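Next come two complexes built around chain A: one with chain B, the other with chain C.
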Partner chain A sequence: MTTATPTMTKAASGLRNIALSRALVAPALIFSIALTQIPFLVTIYFSLMRWNLLQPKERGFAGFENYIYVFKTGDLFPAIKATVGLTAISVVTSLLVGLLFAILLDRTFRGQSIARTLIITPFLIMPAASALIWKFSMFDTNIGVINYIVQKLGFSAIGWSTEYPYISVIILLTWQYAPFMMLILLSGLQSQSREVLEAAAVDRAGAWRTFLLITLPHLRQYIEISILLGTIMLLQAFDPVAIMTKGTGGTKTLAYLLYERAFVGMNVGQAAAYGVVTVVLTIIVATIALRTLFKVFMTGVNK
Partner chain B sequence: MRSAKASIITFITWVIAVTYFFPVLWMFINAFKTENDAASLTPKFIFTPSFEGFQRLMDRGMASYLTNSILASVTSTVLVLLLSVPAAYALSIRPIVKVQDVLFFFISTRFMPAAASILPMFMIFKTLNVLDNVFALSLVYAAMNLPIAIWMMRSFLSEVPMEIIEAARIDGANFRTEVTKVVLPIVLPGIAAVALICFIFSWNEYFFSVLLTSANAKTTPPFLASFVDGRGQFLAVLSAASTVAALPVIIAGWLAQKQLVRGLAMGAVK
Partner chain C sequence: MNKRIKSLALGGAVAGLLSFGLVGCSSDGGDVTLTLATVNNGQMKDMEGLKGEFEAANPGIKVNFQVMEEGDLRAAVTSDVANAAGQYDIVTIGAYEVPQWGANGWLTDLTADLADEAYDVGDILPPVRDALSVDGKQYAVPFYGESSILMYNKEILDKAGVKMPNKPTWQQVAAAAKKVNSAETAGICLRGKPGWGDLFAPLTTVVQTFGGTWYDMNWNAKVNAPEFVQAVTFYKDLLDSAGQKDPVSYSFNECLTALKTGKVAMWYDASVAASMLEADDSPVKGKMGYAHAPVVKTKESGWLWSWNLAVPANTQNKEAAIKFIKWATSKEYHQLVGTKLGWSLVPPGARTSTYAIPEYNAAASAYAPITLEVMSAVNPKQPGVNPQPWVGIQYVAIPEFQDVGNQVAQLVADAIAGRTSVKEALDKGQAIAQAAGDAQK
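Now for the complex of A and B:
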């Protein structure tokens, strides 16, 4: 009898806890479903409709007509290629540049925090402003600073965003996101055990060997996080394409293609079909990314 | 020998840092030029400062775009905090079944391309007559930032020592006391970091603002892009506008670097 009472109250309070927890999560969950999942269901519905805003009378059920159009037109594959290519290359270049910065800043020197502050600033700048500033004050053929230097070096001016839009977008994205990678990697470097590093120094391991055998394995989870978060952010990058290249020269990403179909072409049904295909592709990529990298996030969840 | 090597590395670091920062510096400098000076074929570092650019952006009504940006960013940030703090609380301190599934759901919504839901969003907003409404836009921003906020909040909350909470419960603290007197004071810096990051993301957002707003509710980022359509020279006024638009976030970021790192790594990095 004496043992039964505590168990019962514990069970009862456990029940109350679950009810309370549910009540606490519910608003966020409902809000999120209402604003992300329901619109997506509507997108699926739209994708099965024949619906062009310029020809409102011809609205009706279309079956898979829009999907057939999407796969037949032939702009889907280039868009996938652009999205995957730009994202993958930018993530890698940002990571490498970020790693270099992190290593340079992981030393004590005068004004270290000022140097770090200068380097993180590009990440804080409004992306639309960055794209505009790079396009018109750095890359411009006439007044761009980069072309001024290029010409001083004896070459002729390069039409960056018109002739080399792909590289230009990658330069811009790397400039923006390398500081973000740097911040994460720097906190990784600073969390290294000093004793291990000192022991390596005593053993005359050499800087390169120490980096390869001690620092890099230690950084592994920080690198994984950088890649995951970088991929999430860069997959969605729309501003540089919309502002700098307007989808020219192999930079027409899925996001930009969709935007073009819907708001320039005014074809709701087709744009929706592009949207559904994009989401399906993203889910595949995300599942792979999360399967391999998600465990980093999940550490500590089940304690 | 050793110190010589160190000073060389320090020197290289500085050269890289300054070069990397240069486009931002150039934007600041161009903001204070006349259009003619800004369009000079040889980059001008010495010139008579001018406020012409700032004058012109005021004439074009930048104040109202900034107001919209502030309204959208603040409203969405407050909304995100109201939704994410309780949810994260339940997901970390008060154990709930299927924590993993719920967290997975939230993070997966962040992977979903914004472009995929923009079309119905546009149609629904149009039907409800809230197209070009700054508060409708903040709802979208809140949905965009909610997953990140929950992730971040959860990691801050899971650092609260369980012993403290249990001690409070044994002392007879009810749920309200437990939250207001024990937990919130500890995680206040975390909440500030979440708020800062949500504010930054909303302030900088371009895509939704371009598509869901027009004359009344347009925020600053699309306003910047609108300078390009003008004929003639626009680099000085564009730089001035970009400086004004970017400065609040730059300063906030400079002041809160540490919180920014913790927050952006979403607690995966301790």
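Now for the complex of A and C:
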């Protein structure tokens, strides 16, 4: 009997399976929709309101006034430029520093695990704490380590946040995210086939040629993943700007601009409009980025 | 009675729901628990330490302190009061907020409650009281107040042969700063951290004494007017030639440390700093000299700030809250701080009678007289050369100002760093300020 209608049973159980899996996924789906989409709808609603916390009497429907403000004041494009610029440069520098440390750590030596832990530490420190550490212990003109060395070398102290705010933020972000890049790249290095490397050594390929022709191509997908993940994390960077530069010198990123509209301007409507514009831009960028990300994972599987 | 039962039942229900012990306290005989939001300054922590005295004298009233950073406090209190959420029974707010919030109807009018003789409201320093009143109604009481003064290290200035007069001009200060400036010691520390309450507190007083202002009587912005440009250029030049190295990183606390450790010779900032420079653990104790805020075209140019206690209009415990804020700003409280904690810790700049206490004058002899002198002399109704349509010195008492001040401060910081010219920065600032000015017309 069971063999008489095999296709039907298969189809029915398939349907039942789909129904079951849908039922199992539903709570999570409903939960995540409630958690992400309802606040977003509320944000859209707020963005259409004239609502400054400090002016309670003038609250009301504003139409697209806030969006006109966002595009007319001309703060948006410099902020996008700052966000993209800081992210791009910091990702590249973090990657280079991370690669360097990964290569140094990819060999056995005494105290390797201690060195590895110490190098990872900056990534584990809270962003606000590391910004404060850098502001006072490293960049300060009186007590900072960097300026101590600069002065010992006979130069006059450098006012980092005043004169080089852009570079200061990049230095801090690199210090913070290089360990993250290092972790990914190190796992890539350690997954290299020892046989291939030995063969290269037998063929008397120098260290540089081995690295360039064997290690680097092998690392490619790891580098791509670290660039994508690093970009996603660095786009949100806020603390160094809020604590060190206060948005001066071209460091006013989208995240900081949004914070300013909401908590300095106390303007809920404008902040919401900036939020909506940011989300739209993010969706466009993320669609492209995620497609690339999946491609990277797919080629990884195919190999 | 009925109301009390209701609130008891509600209290019990909430306590049961949340199973928090906190709400449960209110069940013993209908006690009132006041929630007070305040800023994490030393004087406020002293108040928290002494609240037991108030609770002992007023059985049935408990005071619960929520201490926050200035920025957090401003955000938390503003959104609570603006949305009438009623979380706080007493709020600590600055002189900038009081008149605006009072006019918005967010604060309880205290005029009638303060009229009794024992409290002696006339004893409050007149300029401070002016800044807390709108149309003759007083909306807050000052906990402590401050002006701005020039503080200098006498040892360093003496060594360079510089004598600082009691009422210096900015030109004299600039000359002295350049003279004492060296590789190890900067001539002067001035706030440069972008922010309306950071950079623009001292800078606005400089603008005003140079004859400039943010707005004229018709709310036309004057940010790129010649006097404003001249003042900002002077500030930038002084920082360039004799200031601390990294102005964007420097505000009150950073300058305080620099002066204490001998890294700068002079500092123009809040008068409340003097009590910290003369504290027992300060390396420069007894070595400091104090002078009036430097001037150019006005007689005085000190600012006026006070941290105040106010009662939001929608609190349920108005009576108890008013009782507490009167206690915390009374003459008796000052005596209490003096005898319990030490005379130099008495909240300064709120009451005239504080400066008649012999013990306080002995403990604060280096800075008490000049603080009183400057605070009584400044004029928040017209601090600059020309009349202005708001009351207040180092800020413009309109809601948009924290936003405008912040954005213009960022532009000025770029000019101080040499990335743009002062004129360019202020031309952009003018547009930002004008938009806010138009909203007032």
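Worth pointing out:
Just so we're on the same page, the second predicted complex is superposed on the first by the 275 of 303 C-alpha atoms of A that agree within 3 Å, B and C clash if a C-alpha of one lies under 4 Å from a C-alpha of the other, contacts with A are read in each partner's own complex, and residues count from 1 in each chain.
Everything that follows uses one rule, which is that contacts are C-beta pairs under 8 Å (C-beta built on N, C-alpha and C of every residue); 3 or more make two chains touch, one makes a residue touch a chain.
All values derive from a computational prediction rather than experimental measurement.
In the overlay built on the shared chain, the residue A:L104 is in contact with chain B alone; chain C does not reach it. In the overlay built on the shared chain, the residue A:A28 is in contact with chain B alone; chain C does not reach it.
Shared-chain residue A:T162: touches chain C; no touch with chain B.
Of the two partner chains, chain B is the only one that A:T117 touches; chain C does not reach it.
By the document's definition of touching, both partners, chain B and chain C, reach A:N142. When both complexes are overlaid on chain A, the residue A:I68 reaches neither chain B nor chain C. Using the contact criterion defined above for the overlaid structures, shared-chain residue A:G249 touches chain C, although it does not reach chain B.
Shared-chain residue A:F263: touches chain B and chain C both. Touched residues of chain A, counted separately for chain B and chain C, are more numerous for B.
Within chain A, the residues touched by chain B in the first complex and by chain C in the second are 142, 263. Only residues 6, 9-10, 12-14, 16-18, 20-24, 26-27, 30, 38-43, 82-84, 86-87, 89-91, 94-97, 99-100, 102-124, 139-140, 142-143, 146-147, 150-151, 155, 158, 175, 200, 203-204, 206-207, 210-211, 220-222, 224-225, 227-228, 234-235, 238-239, 242, 245-246, 249-250, 253-254, 257, 260-261, 264-266, 268-270 of chain B touch chain A when the two sit together in their complex.
Per the touch definition, chain A reaches chain B in the complex via residues 17-18, 20-22, 24-25, 27-29, 31-32, 35-40, 42-43, 46, 101, 104-105, 107, 109-111, 115-130, 132-134, 136-138, 142-143, 145, 148, 175, 180, 183-184, 186-188, 191, 221-222, 225, 229, 232, 235-236, 238-239, 242-243, 254-255, 258-259, 262-263, 268, 271-272, 275-276, 278-279, 282-283, 285-286, 290, 294, 296-302. For chain C in complex with chain A, the touching residues are 71, 75, 78-79, 82-83, 100, 104, 106, 183, 192-195, 244-249, 257-258, 261, 263, 399-400, 402-403, 406, 410, 413-414, 416-419.
For chain A in complex with chain C, the residues that touch the partner chain are 52-57, 135, 139-142, 156-163, 165, 244-249, 252, 260, 263-267.
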